[in-house]
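Take a look at the following structure, please.
We call the chains A, B, C and D, going by the order they appear; numbering starts again at 1 in every chain.
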């Protein structure tokens, strides 16, 4: 029994379906129960969170968590399917500390809101950037101009007027 | 020469110049000329100015050579060539750098304290040059043989941290301030072992005059070993060397700069000529401190006399060779080791070096009092 | 005494942040009370590029992630694509891939040692490291024509076969490195000042290292016996004899030593590869194209193929010199990936840095940061 | 810090000093390795990927290099009576995909790596600067 099936057996209501991500077991989780499942998964020995990936599937947004167990040397992928208009999921920062930056990155580039994250702000792009670039509907033709303001804040504009802040 | 009330017995550079002029046979003529005008002091002033100019010129040439040597040596250690283009093997690189620095814009930050910011580099440079006064370059090649020469050197060295603090504070930059505070902490904690180990030498000599210290190291034990204080006080020498490297502010103790932590330490905001002043001061200080090490522990300008060559010249050569040996060691060490941490530096200074220096002094005093030597 | 905390910005432009990284430090005198890391100054949108380029065109962009060691980046992406499309790779190509990746591991660790020592103030080591790195880069130059941005590994194999005289030069390099590593160890390992600066600095326990997502040599310095090359052997690593280097202490010195040991192991692997290197093709031409080396008459067999893997998604990871490098590739059956996500080791290792340095001093921050070994191209992507 | 009392001899530093001294005296294989760059140059490998060169006789102006270029470096322009690629080297990744893709084996990359210039416009290498004629082998 692979870990995804084990998880399905343990939490039949929370796990929607079980599948395969090429060569890794994959479990699709109901987004309401995600935090609970994550805690269970940690108990099962999956102590390392490799990566959080947000994928914009146009009609929905999928967030994929790739986990690894140092004890059992097993892989597991968790997938949550979110609403495209308001993608929200519980933060797992309390379980895996590395989720801090990974969730911020996913928020930054894909626009998934992680409930319960203490400091959910942009990480790679400047604060105030408009749009989430890895969304499929992101407007690639609009230029945005970024400068650092007097107090160290990032200032973003569409027309570049902020570039001439010193007269 | 005007020396206050203290009578000087050791000949100094003033006497040397007078002697040379006498030898040529012009001194009395010139003296007569000035005496006729009733302005004998003008002649004295001129001779003193000549001495000062000679020392400043020597310092500047040394600085240039040292900065070239430092780079070249750094390069050789790292399997590189170093400066090669300007002049033979890049020997004129410091001149090119000097011209470049002169041509740079002199930037004063808007929030800096203008006056202190401007004056600090000059204080550093002057205080370093003042150290050269009681430094015996050779037999009678000394600007002024002060009775309190060693005390004077240590006292003048204490001006440097003040000016560094001024520079760091006036820059109004956090890095500069931290660099300055570190430099001051370092200088204070290393001046103490420096002074105590120097006192151990003074205990042997019985005089603070640098010339007396050198004279005390003339001669040989058993006909072979030179009577240098390094053999009498190896521990003292090591402590003094470490303290001096800290005084010079070089890796492993270059806290005033500590480039990788504080960008450039207290001279982060300096540019152009003011930066050049710090640069000059650093290398001039390096030479001066190495000269002090040589004077105190390595026999100063003493060495086997060579017939037919005047002792003034041979002694100068000996002194310079020894000084460059010390500088070589400092550069070699710099190329090898990383920097210690500031609290570790203070720890070494206060908890290890000062007790050992005191122990060294105690042993020296005991040896002298018991009359072993 | 009541004192005010000092807000100190280290970076984005600072001698020892290895690029454009910014620490927002809240200092109590010299002691760090709070450390926030600001990244993103080098963000180039590589993941977005992945969606806009074909599979083959994206490979040059992976070179620009971790530009110190670009070959594993190439390989990680190619491995993901190969797993997604089920491409078979000739054995010789696999050997060459491992060869170039292990060579890159040595380069990376040389640069890391050099820059760590430079950060600590000892400026000689970096030049020694770069001297040997130059030899390795010349090997790369003769192999694929580029020194840092290789674009060498292709889906289905490698771009070109080894050039003439590569193996003798490689043997020379290995022999040279054996002697040089002894030099490095004498210069650095026992140096008392280096020990003072790195021992018990930036300590992180094994559990915390795992929880903070540290991987690679940085984590093995904390005593986690874990190496993807061992745990999930990919390519030909299962045929090779090597061990995952590990230290128990979890401080900066342990992380440094792990890298020195890994250089030795990599040399050991290189020697085995030189012995075992099989003959044969270097690329599976059904899926990819290699440079046209034949006469113009032979062009038809080299006509480029449009490469479209089946719909699906894959997350594949390798042991890059800096840690676990993973590529998530989702395909929708077209010529371009639907989504490329890069799990870069530098990014995740950096999360643990504030945990390590709070309560220490700025010089310790520099020491701990140097041993985590990040490249900003890899952090910001 | 306590361990420093055990390390009075500073063996490690002395070892390091010996290593650097070996380099100063160039004992063993520790000689100077750098070159005086503008005056002497290192030989580049035959496979070096520098500035492009297009074989005037072989190129058919098909544009396959243009479609294969990841960074839109190449545009096909008319030169004389025929069509040739034009390279904007300011955008070039020097990845070599165009060389690999060329069906006529007309493209190659030379060992010319000194491509710095004063303006962006001068980095656009038109056919007049990259064409070469292959010597006919007898």
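By definition in this document, a residue touches a chain if its C-beta (ideal position, glycine included) is under 8 Å from a C-beta of that chain, and two chains touch if they have at least 3 such contacts.
Worth saying up front: this structure is predicted, and the values here are computed from it rather than measured.
**Student:** Remove chain C from the picture; does the complex fall into separate groups, and which?
**Tutor:** Once chain C drops out of the picture, we get A | B, D.
**Student:** Among the other chains, which touch chain B and chain D together?
**Tutor:** A chain counts here if it touches both chain B and chain D, which gives C.
**Student:** Weigh B-C against A-C on C-beta contact pairs and write down the one with more.
**Tutor:** Here the pair linked by more C-beta pairs in contact is A-C.
**Student:** Farthest from chain B in C-alpha centre terms, which chain would that be?
**Tutor:** In terms of C-alpha centroids, the chain at the greatest distance from chain B is A.
**Student:** Need the CA-centroid distance for the pair chain B / chain C, whole Å please.
**Tutor:** Here the centre of chain C sits 47 Å away from the centre of chain B.
**Student:** In angstrom, rounded to a whole number, how far apart do the mean CA points of chain A and chain D lie?
**Tutor:** Chain centroid spacing, chain A to chain D, equals 39 Å.
**Student:** In angstrom, rounded to a whole number, how far apart do the mean CA points of chain A and chain C lie?
**Tutor:** About 24 Å separates the centre of chain A from that of chain C.
**Student:** Quick check: how many Å separate the C-alpha centres of chain C and chain D?
**Tutor:** 22
**Student:** If a residue has to touch 2 or more other chains to count, which residues of chain B qualify?
**Tutor:** 77-80, 335-337, 344
**Student:** Send over the residues of chain C in touch with two or more other chains.
**Tutor:** If we look for residues of chain C contacting two or more partner chains, we find 124, 131, 187, 191, 193-194, 196.
**Student:** Using the touch rule from the top of the page, what residues of chain A touch 2 or more other chains?
**Tutor:** Where chain A is concerned, no single residue meets two or more other chains.
**Student:** Pairwise, which chains touch?
**Tutor:** A-C, B-C, B-D, C-D
**Student:** Okay, in this complex, where on chain B does chain C touch?
**Tutor:** Residue list for chain B touching chain C: 74, 77-80, 174, 178, 251-252, 254, 258-263, 335-344.
**Student:** Quick check on the complex: what are the chain D residues that touch chain B?
**Tutor:** 1, 4, 13, 16-17, 19-21, 23-24, 30-34, 36
**Student:** Where on chain A does chain C make contact in their complex?
**Tutor:** Those in contact with chain C are residues 21-24, 47-51, 53, 55-56, 64, 66, 70, 73, 75, 77, 96-98, 100-102, 105, 109, 122-126, 133-134, 152.
**Student:** Taking the complex as given, what residues does chain C use to touch chain D?
**Tutor:** Checking each residue of chain C against chain D gives 53, 56-61, 63, 124, 131, 134, 138, 141-146, 149, 151, 159-160, 163, 176, 179, 183, 186-196, 199, 289-292, 294-296, 299, 302-304.
**Student:** Show which residues of chain D lie in contact with chain C when the two form their complex.
**Tutor:** Against chain C, chain D makes touches at 1, 3-4, 7, 10-13, 15-16, 18-20, 28-29, 33, 44-49, 58, 64, 68-71, 93-97, 99-105, 109.
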